[in-house]
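To keep things simple, chains are lettered A, B, C and D as they appear, and every chain counts its residues starting from 1.
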Amino acid sequence: MSEITLVTMPKWGLSMEQGKVNCWLKQVGDAIKRGEEIVEVESEKIAGAVEAAADGIMRRQLAAAEDTLPVGGLLGVIAAADVPDAEIDAAVADALANFKPLTADDESSGASPEKIQVGNRSIRYLKRGEGGTPVILIHGFGGDLNNWLFNHEALANSRTVYAVDLPGHGESTKDVGSGALSELADALLCFMDAVGVDKANLVGHSMGAGVAMAAAVQAPARVESLTLICGAGLGAEINGDYIQGFVGAANRNAIKPQLMKLFGDASLVTRQLVEDIMKYKRIEGVDAALRTLSSALFADGRQQSVLRDQVAALGKPVLIIWGEADQIIPVAHARAYTGKAQVEVIAGKGHMVQMEAANEVNQLIKQFLS
Amino acid sequence: MSYSNPASVGIIANPASGRDIRRLTAKATVFPTIEKANMIQRVLGALGAFGVGHVMMMPDMTGIAAAVERAIVAHRAEAHIPWPAVEFLNMDISESVTDTFNAVDLMVARGVAAIVVLGGDGTHRAVAMRCGDVPITTLSTGTNNAFPDLREATTAGFATGLLASGRVSRAEATLANKRIVVEACGRCEVALVDVCVTRHMHIASRAVWQPEALEELFVAFAEPDSVGLSSIAGLLQPVRRDEPHGLRVRFGRAGGSGVRRFVAPIAPGLLERVSVAKHGLMRPGERVRVVSGAGTVAVDGEREIEFGRGDTVEVMLDSNGPRTIDVARTLHIAATRGLLDV
Amino acid sequence: MARKITYQQAINEALAQEMARDSSVIVMGEDNHGGEGSPGEQDAWGGVLGVTKGLYHKFPGRVIDTPISESGFIGAAIGAATNGLRPVAELMFVDFMGVCFDQIFNQAAKFRYMFGGKAETPVVIRTMYGAGFRAAAQHSQCLYSLFTHIPGLKVVMPATPYDAKGMLIQAIRDNDPVIFMEHKMLYTLEGEVPEESYTVPFGEANVVREGDDITVVTLGRMVHLADQAAQAMQKNGVHVEVIDLRTTSPLDEATVLESVERTGRLVVVDESNPRCSMASDIAGLVAQKAFGALKAPIEQVTAPHVPPPFSDALEDIYIPTVADIQGAIGRVMEFRR
Amino acid sequence: MASELTKDRLLQAYRTMRTIRDFEDRLHADFATGEIPGFVHLYAGEEASATGICMHLGKDDYIASTHRGHGHCIAKGVDVMGMMAEIWGKKTGTCRGKGGSMHIADLSLGMMGANGIVGGGGPLICGAALAMKLRKLDDVAICFFGDGASNQGTIFEALNLATVWNLPAIFVAENNGYAEATSSKYSVACDNIADRASAFGMPGVIVDGFDFFAVHEAAGEAIERARKGGGPTLLEVKLSRYYGHFEGDQQKYRAPNEVAHIKEAKDCLTTFAKRVTGAGQLTQAELSAIDAEVAALIEESVRRAKSDPKPAAADLMTDVYVSY
C-alpha cells in the first residue's frame, strides 16, 4: 500500500477544525510531482494550496469544490499508474471507515503555544520538531507566530523550529520599550537564553528579518544563518502609507484595504483574517506598541535602520526570499544585499510570500538549511 | 353607690411635640401622630368606663384629630363600652402654641373637670399658663421631658375618670406644683421645670443641648433621675416637687477655680460634661436678676426669649403652678376603698 | 489560538480587569455577592447566575449588594456616576426596568443634554434578557428597542464571549450611560477570548459571515441561529451575509446599507416582539435608504406579538428558530416580481 | 456649635434670601407678560430653607433639587445671570437653553439639577453620597423634595438605601402644604413627613421653614453628623409657597387670605430682618444696601437674558452623548 498516498484536509493552525475545497488544481489522471500544488482549500482564516506528498497519478477526487471537510478528511488519492483500482477503492473505504474527526483532546495533545518569562516580558512561542540547530521564525510588524501557519510544520519535520511572538505582538507582553530593532533583537536573544538555544538559524519576515539581522550583528556567535523574507533592514524605502494605514485603522473597513496590500492575490484577505487583525489591534497596549515601533523604525515612511552592510561583514550564510509583487518593501532590496547570499524572487506573490507561496518558500528554506 | 353626672374632660394633644431637633442631636424618640391618637383612644376608653360622657378636644391639622375621628367611627361599630362623646372645639387653627392657649381657654370657660395633656414640658407649660386651678393629667409624648409622667395612657385616663366622676376628691387626687416666672425684654414666661440663660444668640431650633452655651440655670425641682437641664441640678443637690424652694446653678469654665465637672444627661442619650461654678437654693418669692451679655432664655429647655447686652432677665419661684393628678395615689385610694367595684 | 472561556467568564473577567485598573469602578446590584448581613457565607451567590462571583473578595468594599429596590439603586448608580465613580449596576432581569425606568430614561439619559453638555454619567447597567429559560413573561423579554428609542443611552448586546468582554470594558470606560444586555442563554457559550484587556468599539457591526446573495441582519443570541441558517443555506448555493449589529445605539447603518446595496435582499432576525422593534427599525432603515437596491420584499423573523410563554411547548415556538430563518431566506431568494 | 453666624454670614444669608425672592418676584411679573416660555415653578416664600441649608455646603457637596428649584440653585451658588438666561431659553443660559427652568444644573458646583420628575432626586443623591463615602470624602449630599414627592416610591427607596448604606445624605422635605393643587393634609397619610424617618431608622426632625435660624441650626447639626459618618437625617421643613404650583395657577384651592396671612405673620425675610436688627447684629442700612444691589443684579440679569442670543439650529443635535 506504500505506493498509495492519501490527500487529506490539512490543519493550518490550532483553531482550524474544518476546511472548504476551493478548487482542484490537478484533475483525475494528471501526473503529479512531489511538492506540486494539487488542491486549493480555505479555512476560516486563510486560503492555501495542498502540495503533493509523493509522485504519482491523481487517481481519485473525493471532495468537490465548495465541499467542507473536517481536518483529516479525505480529499483525494495519489498513486502510481499501475496500482489496481480495487486496491485504491479498498484504501478509500478503509480511510473513510476509520476516519475520526479531531477532538479537543487531540488538539491539546498536539503542539500548542507556551509562554515564558523573558526579563520583564512574557513571550509566547510555539515549538515543533526535534533535532539539529534550531530554527527561529520571526514575524513582521503587526504579525504573530500564526504568520508561519503554512511553514512551521513543514520545516519542523527534521529539526527543532520555534515561532515567537515579538514584544508588542500576538500574546507576548505589549511593551516594546524604545521600539528599536536592537531592543527587539535583545528580546530575541534573551528568549534564546530562556529556552536554552545557544545558536539558531534565524528566519525573519519583514520587520522580523530586521530583528534577525540586528541579533546577528549584536551576537554573531549565536546566529548560524539568516533567512530574510521580504525583509526590513536592507534598504531605506518602505510603504509609509501602509504603515500609517495599518496603525491608524480603527475598524474592519479601514484595515481591509491595508491588508490587501500584503498579498499578491487580494482575495486571500478573508473576513476572518481581517477580524483577527482587528482583535489584535484592540488589545490594550497594542496601539501604543505599534505607534512606538512605527515611529522608531519607519518614521516619515523611511526605514531608520539599514543593517545590510554590517550583516554582510559577518559573512554568515544568507537566504533572501522576496515576493515579486511586494507592495510594502520594494523587491529591489532583494538584490541590494552587499554580501554573499542566495536570492530568490517569487513571481506573482506579495509581501506575505511565505503564506502565498508556502510550498516554494518551505522548499527553499529546507534546501538552504541543509 | 351613685354619682352625679360626671363633668366634661378636656384633651390637649400637641401635634408638634416629639419631632424637634433632639431627634438629631440626642437619641430622643420620634413620637408619631398615630401613637398620640392611640393614646387618646386609650384615655377615652378609661373615661368611658367611668361614665364620663363628654370630652372636648383641641383640633389640629396634622392628623391627630382626624385619626381619633376615624377611631370613633370604628369603635362605635364595635360598640362595647361606650366612649364619651368627643367634641372637637370650634376654633381657628394657627399651628402654633396659640392653639393650645385658645383650646385651654375654651375648656376652662366650659367647666371641664380636668384636662388630659399629651406633650412635652413645653406643652404642659403652655397649658399651665391658662388652666388656672383646673387639674391636669400629664402624659409625656417622648423621652426628653421632666415635668409630665411617662406612663401608660390607660391608667392616666383611669385616674382622670375617678376624679371627673367624683369618686376621688380633687384634694386627694391632685398635687400642687411650683413654677418659675421669668421676665425679660418686656416678656413674661412661666417655667414648670427650669429656666436657663444661654449664650445662643438666636432662638433658632429652640432646643438646648450644648453645654458650652449654658450660663445660668434655675429649677423648680431637681430630680437626679430626670433627663434634661434640670438633671444637672438634680445631680448637684436634689429638690423634690413638694419642697418649697428651688435651686440656682451658675456654670463656669472648665478648669476655673472651684469649678465642679461632672456628667449629666442633658438630653436623652446625651451625657455631657458640665462645669458648675456654684449653686444655691432659690427661695420662693425672691426675685433674682441675671447679669449676662447677649443671649437667649430657655424655658423648660426651649429657647423662648432673645435678649441683648444690657437687657435684664429676672426670675422668681412661686407655688402657683398647675394642679396635677397624682395617678398612683388616686388609683391607690380607689383600690383601698373599693371604688372600682361594680 | 487564544484560550476559550464562557460568555459568563468573559463578563466576570472584564469586570475584574477594569476594577483592578480603575479604583472608581464599582459593582452593585441585588446579590452581586450575596449573603450580605446574613450569618453564612459572603459571596454566597456572586450574582443570581454567578456572573460576578469572586469579585467580592478580590475587591473589598467595591461589590455592593443592594436591597431589592431597583429605582433606588439604579438611581444611586447614576448619581454616583455624576460624582466620580464608574458604577456597573446590575438590573437582574431587563424585565425589571418597569420599576426603575424613570431613573434611566428621564435622569441618566437626559443629564448631558438637559444640562447643556456639562454632565457626564459614566454608568453601565448590566442586564439579562431573552427567552429560552422557561422563565415566562416577566423574565424573558428582549426590550432593547425600548432603550434604543431613548437618545442619551447606548445600548449594546454582545453575542459572543469575545464581544462580551471587549464591549463591557468599552462600556465601563465609556463616558455615557450604557445599557449592557446579556442573553441568559449565552452565558455558557464558549469562545476564544484574549486574556489581555481590549475594547470592542460601539457602533461597529460584526460581519459574522460574508456572502453576496442575501443579507441577514440580527443581534444578540439570534446571531448564532442566523449563522447556522446561513451555513445550511450555503449547501444550497446561497451565500448569506450575516451581520451582528452588536450595538443598537449607536447603530452601524453603513455596514447594513453597504451589504444590502450589494446583495439586494434582506432578512432581519430579532428575538423581540415585532411591533416597534429592532426588526422593524432595520427594515425601515433599509426601505428608506437602500430602496433602489432591493430585489425582494424584506422579511422579518421575530417572536410573535405575545408575551413570552412559560410552557416549553409554547416557548419553543415563540423563539425564532433556525428553520424559521432558513424559510425566510428561502422566500426572499425565491421572490420573483 | 455647628456653624457660627458671624456678621458676614448673616449678610450672606440675607443676600441669598433676597436674591431668591427678587428673582422669583421678577419671573412672576415677566411671566405674566407672556415672554417666558414653558413651565415655571417659583420658590418665593421658601427662601429660608434653601438658604439655611446650603450655607453649610461647599461646592463639593451635592444637592438634588425639584421642579421648584431656582432657590436651591441660587443658594448653591449657581450664577444668576446664567439662570435667568436659561429660563428665557437663551444660549448663554446655564444649560445653553436646553434645560430651562426645570433642569437648571451645575455639577461643578454640586448642583445636580432641578428635576421635572417628582421624587427623581432621591436615588441620585444616594449615589452621590455613596461616591463620597467610597471615595472617603467628608462631603454630604442633600435631596430636596416636596410633600408630593414624599409619597413617591423613589423617596422611600432612597430613604431605605441611605440607612442601609449609612450614607452622608440629608433628605429635606420642603412641606409647603400642597402637591400641585392637593393638600398634604389629604395626600400624606401620616401628615408629618418626618414621622416616616423612624421607619427607615433615621432621625426625623421638623423645623419651622419660615425661620432661617431654625433651619440653619437644624441643618447644621444634620450635616455635621453626616460628615462625621453619623448617617442620614430626614429634615421636614414646614413652609409655604407664595405663588401657585406653576405660573398661571390661580391657587383657588387655597383659603382666601391664606397667603396674605402667612406673608404678614411669618415671611422669612421680614422676620430675619426684624431679628438681626433688633439684636443689633445688622443695621437696616446694611440690609437696604443689599436690597439695592440685588435689585440691580436681577434687573441686569433680565436685561441680558432678553438681549442674549437663542441657541442655533445646530445646537439641537449636540450634547446628547460624550461620544457617539
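To be clear about the criterion, a residue touches a chain if its C-beta (ideal position, glycine included) is under 8 Å from a C-beta of that chain, and two chains touch if they have at least 3 such contacts.
Note that the coordinates shown come from a computational prediction; the quantities given were computed from them, not determined experimentally.
Undergrad: Enumerate, in label order, the chains that touch chain A and chain D alike.
TA: Common contact partners of chain A and chain D, which must touch each of the two, are C.
Undergrad: Going by the stated contact rule, which chains contact chain B and chain C alike?
TA: Both-contact set = D.
Undergrad: For the interfaces B-D and A-C, which has the higher count of C-beta pairs in contact?
TA: When the contacts at B-D and A-C are counted, B-D has more.
Undergrad: Distance between chain A and chain B based on Cα centroids, please, to the nearest Å.
TA: Distance between chain centres: 96 Å.
Undergrad: Using the average of all C-alpha atoms in each chain as its centre, how far is it in Å between chain A and chain C?
TA: One centre to the other, that is 38 Å.
Undergrad: Taking each chain's centre as the mean of its CA atoms, how far is chain C from chain D in angstrom?
TA: 40
Undergrad: Touch graph of the chains shown: is it line, ring, star, complete or other?
TA: Topology of touching chains reads as a line.
Undergrad: Could you list each pair of chains that touch, in label order?
TA: Listed by label, chains in contact pair as A-C, B-D, C-D.
Undergrad: Can you check the complex and tell me which residues of chain D touch chain B?
TA: 1, 5, 185, 190-192, 194-195, 197-198, 203-207, 211, 213-214, 216-218, 221-222, 225, 233, 236, 238, 275, 278-281
Undergrad: Over in the complex, which chain D residues touch chain C? Could you list them?
TA: Answer in residue numbers: 62, 64, 93-99, 103, 105-108, 112-113, 115-117, 120, 122-132, 134-135, 141, 153-154, 157-158, 160-161, 164-165, 318-324.
Undergrad: Help me check something: in the complex, which residues belonging to chain B touch chain D?
TA: Result: residues 15-16, 19-21, 23-25, 29-30, 32-34, 61-63, 66, 95, 201-206, 210, 212-213, 294, 306, 308-309 of chain B touch chain D.
Undergrad: Quick check on the complex: what are the chain C residues that touch chain A?
TA: 1-2, 162, 166, 192, 194-201, 204, 206-207, 209-210, 234, 237, 254-255
Undergrad: Please name which positions on chain C make contact with chain D in the complex.
TA: Going through chain C, the ones touching chain D are 24, 26, 61-62, 64, 66-67, 69, 71-85, 87, 102-103, 106-107, 110-120, 151-152, 154, 174-176, 203, 250.
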